[in-house]
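Pasting the structures in now, so scroll down.
Common to both upcoming complexes is subunit A, partnered first by subunit B, then by subunit C.
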Partner chain A sequence: MSEAAVRGKSQWKSVWIRFRKSTISLMGLSMLAALLLISGSAGIWIDYESQAIQHNMKQRLQHPSAEHFFGTDQFGRDVFARVVFGARISLLVGILTITLSLAIGSVIGSIAGYYGGRVGNLLMRMMDVLLSIPAILMAISIVAALGNGMFNLIIALTVSGVPRFAYIVRSIVLTIKNQEFVEAAKAYGSSNSRIILRHVLPNAIGPIVVQATTNMANSILLISSLSFVGLGMPSSTPEWGSMLSDAKQYMRHNPYLILFPGMAIVTAVMALNLIGDGLRDALDPKLRN
Partner chain B sequence: MTGELLDIRGLHVVYRTLESDVYAINGLDLSVSEGETLGLVGETGAGKTTTALSILKLLPDRVGFITKGEITLDGVELTKVSEADMQMIRGNTVSMIFQDPMSSLNPVIPVGKQVEEVLTLHRRELSKREIDEQVDSIFGMVGLPPSRKHEYPHQFSGGMKQRIVIAIALSCQPKLLLADEPTTALDVTIQAQVLDMMRDLKEKLRTSMILITHDLGVVAELCDRVAIMYAGEIIEMGSIDDLYGTGDKHPYTEGLFGSLPSLTGDERRLHPIDGLMPDPTSLPQGCKFYERCPKRTGHCEAEAPALNVSGTHSVRCRLFAG
Partner chain C sequence: MARFVFRRLLSMIPVIIGISFIIFSILALTPGDPAQIILGDGATPEAISELREQMGLNDFFIVRYIRYIAGAVRGDFGLSYRTQLPVLNELLARLPNTLVLALFGVGCAAMVGVPIGIISAVKQYTLIDNATRVFAMVMTAIPAFWLGLMLMLAFALKLRLVPAIGADTWEGFILPSVTLAIGNMAVMIRMTRSTMLEVIREDYIRTALAKGVSRRKVILRHALANALLPIVTTIGINFGLQMGGAMICETVFSIPGLGTLIITSVRQKDIPMVMASVIFVALTISLVTLAMDLIYSFFDPRVRMQNFRKGGARA
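Let's turn to the complex of A and B:
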């Protein structure tokens, strides 16, 4: 173990030291940081209404130039502006979905794993039902039932994300709850909820973080897929999937229309997967040295 | 007996598994008075740890049950206490030290926080600063520098971890301490250190203790009284002099002492007790030691022997009757 890991006060410090060793994971992290930075600050230097929303037929289907980095689409909207604002939607919906499914999934998984018995069985069989339906089909049917829009999209993605987290949390809780320090915590008078919150979940944080990053990559793909088939965001909203869908008819003469949103999706998904891979290695105690 | 800190009467504990019922404790009587240290000795599976877990009411959920008997601790009948009240008793009136210090500390919480947790649970009236001071003084008490309280368990050696575990157990100055083989996982030199420390602390805090062990040497060093357990009951109990002296003992106790290698004699082999403990799923009707006893008689198989008391010494064996 490196010296900092021995002296350091926090485990996260030593995790960061191991994470830093992998160039490719650092690349993923900087890609994600760039995406967050550009999309976060976009409102300051790009005018959303005039660039990304308003139709401007005089300037339609222009190739990339100094004025329009990524060219313009069939309505004369700036593709660069739309890609940048699209990142906002994908990342925002992705982060909200992960937070929600992580919270709900952890509660369900902890209860099912810690208490077990009939209640735990019932909860996990419900999760089984959710898992047995492919995520995309589940999301399509929920959006079809509730209608388009960001809020419903988040609900749809959360429902398909919850069982994955519930399963992970449950399996970790099962291995940790029989360890002696949990018994010891009971022996000095901790209540069950306190044991779950203070002793069990903190030990589960590594695998949960890894699952969260890869799940977020999946969510971003799902958002784009749903929008591509017209079930995600309303079509005027700049969103990578619906941009791809709109560009289908023009791709022969204006390939950049499909290239840039496509690359944005690939970048976001790859960044998250690389980070997830790096975290998996950095958090695995067996690979520590 | 009144005035005892802990009084267990006729305790029966059963583990109900899918295949069969395991009779772990069968009519156990035990008492510990204030400031006293009782050694609980027996081979693996005799029910020593089960006894400790029964006192804490921490028998495995839906598996372990107290079917009969009473456990009175400091005037409270524990078998009738609700789980919520039990949480207030655990760590406060009675505390436990577990066998393996490596696994009884939470690896992701700094050790100081783990000591602090017990205090925040049971000493609600203390302010943040007072708790901090307590933690420091407890660390000093077990011989650890308080400056290391921000470190994680993996940064300590085995002996130091056991000191932390003891610090946690003693932080609320419990009246009774259950020590389940506190030194088995440590190497011999550290064992001596930890035992010395436990003896000092016990005297300083006037804590009663039940020391569970199979090390007869540790018992002689630390305990006032000894109870020998076999197949879920106490077959012999007495003062250190009663058991370590030259007087007559239960054949099983003789066997236990006989199995220790002698440092002075010229012996080439160890002398184990032949055979195994009876299967706890189907216990014999008569004396539980019958199968292995070198002094058995015809009566022993059919009829369970009563406890024969003389002074401080009591033996569950027909040889001692009348």
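Let's turn to the complex of A and C:
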């Protein structure tokens, strides 16, 4: 194990010690863990097809009961099952979006920061322009061009997520690239890509993780907003936003139809925000001790 | 001063070109032949190819882009595929509703959020502060459209105090504006609180207190004056988010604004309409950001000195 990796480990240990001091951050972490656990294991104890997809008109619009915790919707589908499977979609799309934006953003940011020059400048100006288009407008344009569906939604959210990661990685590369340990690695004969991957990026992980949690919370909000206006997931999919959109016309007599999917969104977004805030504080050297 | 403003305006041009180019490129990827869409399924191949020629669709991509921009500069954003009427007319007819919503949302949020943020910072870790922080935390996690639905359910459908949908009367704007304001308020509170907390730890605040200036005066005259700049910036940035939020809110409350226009146009594949509206909104946001930037440099003596020093206008 290289020295950098060892140091990295102890650094994360101290971050965790500081993170866990805050009850509210731990609350966020447990909320997210619960969501992951429930949605991850949902396939075992809920039958997706019969509960969340198939219409069952005999049981339509039933209020919450012991049999249907969250009631049933206008097609007799179990709202609880749909909310639980909705978590899968939101979390999956969120995680894929973050991974893709992070990967692409890191490449762009590293190139712009490490090599600089004209190419770097051009790349960052492109990021400037992308950043000046609000995520929702960008997403709507991409959905307008490519059509809706999960794959296009991921592309749309990735494009608007890339610039922020590019900025973070670039600024860290700029501060690190002239430090002695990078010079030493160069003198050792390490290749540029190795220096970026092994020495520069590990130093950028803190701010990246903070940005990733915020971005994921925003992605979840965007996915549901787009689905709500009919530009996200197709309406038969159990997605929180499209469930709310369907529920709108029944909400007067069946308010639970809008209550539960909405609360699911709030829980997921709040969990991620709390974790993000906690990590930011835990990583902030000013707040140490 | 004039020179500085002029320079900042000039620096907007590459951004405007960039934004319009990206949106134009994305929407150019749309599958389907516009000529076919306009003429419908029954059109003959000859008619389609004639219309393609007429619309200049056979030209290179970059030629089409330059032609679009040249038209847009003169106020010609093309014709809607659906109505065959100029896109700009529809846009301008819808714009006021969206602007009213966004402005009211930002205005209310600032008027209520900033004072609450100050109180929360001054009384750090008290009951008021904790309650405010929990409120702000929950509110930032609530999607605007869900809050809108809940408010509609409570105040329009159950209590029947205000109309649920429509923009026919001013009462119709109450719920959507309040929805937007509440979400935005949370951001204002958080921002004001954290900025104030930083400022009241500064040496000059301690100095002022040591000199015997009253606490109230120190907070309002010394601390707030310095905290105001980041707050103004937040208001500017929020305006952009607010336009996005307003677009979704319009759908909840069926308000005919830019948001509903963009969304229905996307559904109807009315690409010129989508293109013009998206570019229009993005430009409005850039202009607001620029205005905030100018206000910022006008009010901050440090930035002002840099920018307006004799001969050296720095953007």
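The definition used in the following text is that the second predicted complex is superposed on the first by the 280 of 289 C-alpha atoms of A that agree within 3 Å, B and C clash if a C-alpha of one lies under 4 Å from a C-alpha of the other, contacts with A are read in each partner's own complex, and residues count from 1 in each chain.
Simple rule for what comes next: a contact is a pair of C-beta atoms (placed from the backbone, for glycine too) under 8 Å apart; a residue touches a chain by one contact, two chains touch by 3 or more.
Given the structure is predicted, the values throughout are model-derived calculations rather than measurements.
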Clash or fit (per the criteria above) of subunit B with subunit C on subunit A: fit
Which of subunit B and subunit C A:L153 touches, first, second, both or neither: neither
Which of subunit B and subunit C A:M243 touches, first, second, both or neither: neither
Subunit B versus subunit C as contact partner of A:I208, first or second or both or neither: neither
First (subunit B), second (subunit C), both or neither touched by A:I111: neither
Contacts of A:F181 with subunit B and subunit C, given as first, second, both or neither: first
Subunit B versus subunit C, judged by how many residues of subunit A each one touches: C
Contacts of A:R198 with subunit B and subunit C, given as first, second, both or neither: first
Distance in angstrom between the closest Cα atoms of subunit C and subunit B, superposition on A: 17
Subunit A residues contacted in one complex by subunit B, in the other by subunit C: none
Contact set on subunit C toward subunit A in their complex: 14-15, 18-19, 22-23, 26-31, 137-138, 140-146, 149-150, 153, 157, 240-241, 243-244, 247-248, 251-252, 262-263, 265-267, 269, 271, 274, 278, 281-282, 285-286, 289
Residues of subunit A touching subunit C in the complex: 125-126, 128-130, 132-137, 140-147, 217, 221, 224-225, 228-231, 241, 244, 248, 251-252, 255, 258, 262, 265-266, 269-270, 273-274
Residues of subunit B that touch subunit A when the two form their complex: 56, 58, 62, 87-92, 95-96, 98-100, 103-110, 117-118, 121-122, 150, 152, 155, 165, 168-169, 172
In the complex with subunit B, residue positions of subunit A that touch it: 6, 9, 11, 117, 179-181, 183-191, 198-199, 202-203, 205
